[in-house]
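Both of the next two complexes hold chain A, though its partner changes from chain B to chain C.
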Partner chain A sequence: MNFEAGQRTPLVQLTPTSCLIRGECYPENISEWSEPVLTALEECLGNDESEFKVDIELYYFNSSSAKFLFDFFEFLEESAEGGKTITVNWRYRAEDDTMQEAGEDFEEDMSACTYNMVVAEEAE
Partner chain B sequence: MGKTLKSTDTVELHTFMQDRKTLFCYSGPLTEDLLTTISNPVRHQLSDKETEEIVATRVFGVFIEQAQNIIRYSHHKTKATGDSIGTIAISLADDGFLIEAVNVVDPSKKDVLEATLVDLSLKDQKELRGLYKQRLRDGPPEDSRGAGLGFIEMARRVKKFEFDFVESEEGALFVYRGWVQ
Partner chain C sequence: MTIKSKVLLIILLGIGSLFAANFFSSQQMNVANKLYSAEESITAHTSAWFSNMDTQFVSNLLTFDPLDGSESNSSYWDPDVDAFTGSDDPNPLYVAIADKDVESAAALFEQIFANAIMEEQITFAIAYDKRGLQLYCESSLYLVGVDPCEESAQPDYFLKFGSFISSLENGSIRRVTQINDLTGDMPVSINDTLAFPLANEAEEIIAMVVVGRNVIDSLEQFSENFEIETAIALGEKALTVHDYYDEERPEELSALIGSGLAYSRDEGTFSYSFIAEEYGNRISSIPFSKEIRASDLRILIFDDQAELLTALKEAETAAFIIFVVVALVILGLVFLVTTSSFNRILDAIHLLEKMGEGDLSVEPAHAIGAFSSKNDEVSRLQSTIDDYRNHRLDAEEHRKERARRRDERDRIMFDKMSALADQLEGEARSMLKQEINEMQSSVSSGSDEEKERASIEIMSRAFSKMSDEVSTLIDARTHELVVAKDEINSSIRYAAKLQNALLPKTMPGDLDIRVEWRPRDMVGGDIYFIKDLPDRVYIAVVDCTGHGVPGAFLSIIARSHLDKAIDLDHYQSAGAYLSAVNELLKETLSRSDQKNTSEEGFDGGVCIYYRKEHKLEFAGAKSSIFNVSGVDATETSGDRKSVGSTRMAADFVYTTHEINSPKGAFVMLTDGITDVMSPAEKPIAFGRRRVLKILRDATDKTPENIVNNIMSSVNLYRGGAPFRDDLTLLAFSLIEEDRENRTAEVVGEDP
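So, the complex of A and B:
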C-alpha cells in the first residue's frame, strides 16, 4: 500500500514485509494523515511473515509529527515483543544533526526491535 | 485606518522592509491552507540565499512552529470565519536569520505562557533535548492543541530567542523572536 508524498507529507510505502517512509512531515492535520497510515501498518504487521524491515529517511518533521513517530515506533516495538523480527533503519544525512539527534532519541526506547542509525547517501 | 495612504507611504513600506532585510512577511488571517500555499515560496526564498540546506531547514522549522502557534493560539480572530490573525516574518540578521511572530494572546493563558518560556530560556541544549523526549512520552499538557512541543522544538533550533508582551488596542500582543544560524 502506498501513500504518495504530498507537499507537507512524506512518501509511505507498505508491503507485508517492509515499510519505507521518506520526505518531510508537517501535515495540516497530523491525526487525519497518520490514522490511515497507522491502520495500514497494523494490517501489515498482523500477517504471518516472520520479518519486517523499516526504512525511515526524513529531512524535516514538525513538533506535531513527533508524536506520530513516537506512536509509530511504539507500535513496532509491541509487535517485536510479540515475536516478529523487526529491523529499523533510521537514515539521516551526515551533516544533519537535527535528524541524527531525533533518530538517537527514538532509538533509546527501542529494545525488542533491531535499530540502526544509518548515514544516508547524499540525495541528488 | 482613517487616513489616506500616499505613494510615499508605500515607498516607506518598501524601504522599511528592504532596510530590515525582510525576506518574507505575512500579516493577517492565517490558516493551515494558507500555510501550505506560502511554504513553497518561503523555502525558495531561503534556498536562494546560498544558505546551507540544514540551516534553511532549521529556519523553516521555526517558521512552521511559529505559524502554527498563531493558527492555534491567536486570540484575535476574523469575524466571518474565526481564522486566527497574526504576523510572521523572516529576515536576514547578523550571520543568520531572524524569525518573528506577533499575535494577540489569550489573557487567561498569558501567565502560563510567560512561565513556560522563562523556564525554557534557562535550559541548555541538553536539558531541552531531555525535556522534549519527556514531553513526547508524557503527552501534551491539558490546554495544548498541539503536542505541547512547539516552544521546546523552537528553543532547540534557535541560537537564542526573546519574547515579550506588549499592550495594544487589540489586547496584549505576544511577541516571539528567534535567531537561527
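So, the complex of A and C:
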C-alpha cells in the first residue's frame, strides 16, 4: 500500500514485511493524514509474518508530526513485544544534525525493536 | 487572327506540305521507274531483234557457208569435187573462174543460187573474181529498194574493196551491207550478208561470193510480232517500210522519227528508250547489229503506249481527287471540331465575363455535340467554371444568410439597447437613444461590406456598454470582498497588536537583550517573556504548538502561566520554575478539555539570572541555550520533554543547569530557526550545528550582531522559500560595568 508524497507529507510504502517513510512531514492537520497511515500500519503488523523492517528517512517534521511518530513507534513497540522481530532504520544525512538528534530521541523510547541509526548516502 | 483560324491555317499548310512531299516522292519514283523500264525496253528489244536477225541469218544465209553451210551447198565450194555432176572431175566452177569463163561460172552460180533466190531465201547473190570483176549477180524478183544487180547499185564494200578482200582471207564474214542507188531514185537497201572467199587447191583466193538478205522482211516481221512501228536510222536519215514500198510515210510516224532523232542529238546517245508523251509512244533506239556502230545504223522502235499512259493519267487523277477529297474531309472535320470547341470556349468566356460583372444568372450551355465528350478539355473547363459558378452561388447564398443573421443580430442588439435606454433617465437616455439612431442608420445603408463593418462597429460599442455595466457590478462585488478581507485583516492586525502588547516592552538595564520575533502569519505560537525583578531576571523563549491564531491563543495562556509560576518570595531554580509552568499548563489544558489528546503545550527554555549571586540558571523543554564566549561556543540542552503535553507527568521535574559567572553572549531560540529548510529536493534543516558555527565564527559577539548574523544566515539558507513556522531568536549578554556597579552597590549595602 502506497501513500504518495504530498507537498507537506512524506511518501509511505507499506508491505506485509516492510515500511518505508521518506520525505518531509508538516501537514496543516496531522491527524487527517496520519490516521489512514496508522490504520494501514496496524493491518500490516497484524499478519503472521515474523519479521518487519522499517526504514525512515525524513528531512523535516514539525512538532505535531512528532506526535504521529511517537504513536507510530508505539505501535511498533507493542508489536515487537508481541513477538515480532522488528527492525527500525532511522536514516539521516551526516550533515543533518536535526534529524540525527530526532532519531536519537526516538531511540531512547525503543527497547523491543532493534533500532539503528543509519547514515544515508546523499546519492540515495 | 483567332486561334481557330491559326489552327485551320496550320492544318491546311500541313496537308499542303504532305501533298507536295508525296507528289515529289512519286515523281522521283516515276523517274526511277521510267529509267528502269527504259533499260528493260532496250534490253528486250535488242535481244529480240538480234535473235530474229540471227535466226534469219543462220537458216537462210549461213547454209551457203563453205565451212558452216549445209552439206549440199558447201560441197559446191570444194575445188576437188564436181558437185554439179557428181563426178570426180575437178570443180567446174573453179575451172571456169580460173579460165576466166564468166558465162560458165555464172551458169554454175545460177545453178547454186537460183532456187534460193526464187524462194526468197536470199535477196541476192553476187560473185566476184579476185580483181573485183562481177562474175555473177542474181537478185530476187520481189525487191524493195535498189536492185543490187543494177548498174547504178553500189554496195558499200565497193568503196574499200581491198580491205574487203583482205578481211576475207581468214574465211567467211557476216556484215551489214548497204547498197546505194547511184541515181538516187531508189532508197538504200540494207542487207544482212554473208561473204566468203573461194580458194583453190593452192589456198589461193580466186573469187568471192556475197549472199544477202534485205532486212526489211525481218523488220516487218519484228514490227508485226511486237505490234510496233519501226524505222531504220542511218545517221541523221531514217528509212521506213513505207519508203521501200513507195508509200506515203504517215505523218505521225514522221513526227515520231523526228522526236527520236532529236532525242539522240540532244542526249548524245544512240541507245535509249523514252516515252514521248505528246505522241503517246515509247521511243526506243537499239543498235542494228553487233557488228555496226549504232551511230551509223540503228533501229528506232515506236511502241504505242497511249492506253498505258491514259491509264496512268487516270490513276494519277484519281489519286489526286482522292487526296483532295480526304484533305477536304479532314479540314472539314477539324473545322467542325474546332468550331464546336471554340464556340463552347466562347460560351465559357462569356459566362466568366458575366460572372466578372457579378451576373450569376447565366446558365452554362451543356450541349454535348458529336465532336465533344464529357472528358475533353473544354468539358473540363466548363465543369470547372460550373463548379466555380456554383461556389459563387453558394457564397452569394452564404452572404445573404450572413446578412440576414447580421440584421437579426443588429435587431436584437437594438432591442436590448433600447430596453436599456428606456431604463435610463434624462440626458443619458436621450444620448443613448441618439446613439441607437445613429447606429441604425449606419447599418441600414451602404454596401454589404459597409453594413458588415458598421454592424461589427455597433457590436463592439454595444459590447463596451455592456462590459461597462458588468465592470460596475464586478467593482461593486470586489469592493465587498475587499471590505470583508480588510475586516478580517484588521481583526488579525488587532490580534497581532494584542499579542505584541504581551511582549516585554522594557529591558533590564544590566542586560543587553536583542530579539527577533517573527510570527509566520502576523500572530503565532511563539512568544518570549522577560520579568525583571530586583534580585533576578526571568527570560523565557517558548514555542507553543500550532501557529497563527490558535498558536497565539496558546501563547497567551503560556505567557500567563510563565508569569504566574514565578515565586516572588523565594529562590526558585530554573528547573522548578519550568516544572511549575508545566503543572499549571497541564492543569489548565486538561481542565478545558478532558479528552485532549493532542500535543498542546510548548517547547522552550527559561533562564533566571540571579544578580547577587552572579549566576545564570537554565532549564529547557526540548530546547537549548547557546553560550558564546571568546572563540568557544557551547550548547546546553534541556530536557527532551515538552511542557504541558499529555505525555508529560504533571510532576515532572526539569533539570536546572547552573552557569556560574556567566560570560559572553547567550542565545535562545525556537525551532523556527533550526527548522528552516534548504530549498533542495531532499532538504536539510538549518539545525543547531550551524547556529554554533555562526556563534564561533562571529567576530563581533554582541547580541545585536549575533541576532543579525543568524538571521542573515537563515535568510540565505532558505533561499526563496517562505518561512514554515513562527520563529523567535533571543540573544543577551550581561553588561559588565553595570553589573560591577550593582554588585558594588549590593556589597555596599551589605553590613
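By definition in this document, the second predicted complex is superposed on the first by the 122 of 124 C-alpha atoms of A that agree within 3 Å, B and C clash if a C-alpha of one lies under 4 Å from a C-alpha of the other, contacts with A are read in each partner's own complex, and residues count from 1 in each chain.
Note that in this section a residue touches a chain if its C-beta (ideal position, glycine included) is under 8 Å from a C-beta of that chain, and two chains touch if they have at least 3 such contacts.
All figures in this text were calculated on a predicted structure; none of them were measured in a lab.
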With the two structures laid over each other on chain A, which partner does A:Thr98 touch: chain B (first), chain C (second), both, or neither? both
First, second, both or neither for A:Tyr59, with chain B first and chain C second: both
Check the residue A:Asp48 against both partner chains and state whether it touches chain B (first), chain C (second), both, or neither. neither
In the overlay, answer first, second, both or neither for which of chain B and chain C A:Gln7 touches. first
Taking the superposition as given, does A:Tyr26 touch the first partner, chain B, the second, chain C, both, or neither? both
For A:Glu121, is the partner it touches chain B (first), chain C (second), both, or none of the two (neither)? neither
Touching chain B and also chain C: which chain A residues? 26, 59-60, 62-64, 66-67, 70, 95-98, 101, 105, 108
Footprint of chain C on chain A - complex, ascending: 24, 26, 59-60, 62-64, 66-67, 70, 93, 95-99, 101, 105, 108
Which positions of chain B touch chain A when the two form their complex? 32-33, 35-36, 39-40, 52, 54, 57-58, 60-61, 64-65, 68, 129, 132-133, 136-137, 139-140, 146-147, 149-150, 152-153, 157
Could you pull out which chain C residues touch chain A in their complex? 543, 545-546, 598-599, 603, 640, 642, 647, 671, 674-675, 677, 682-689, 724-725
Under the stated contact criterion, what part of chain A meets chain B in this complex? 7-8, 26, 28-29, 59-60, 62-64, 66-67, 70, 95-98, 101, 105, 108-109
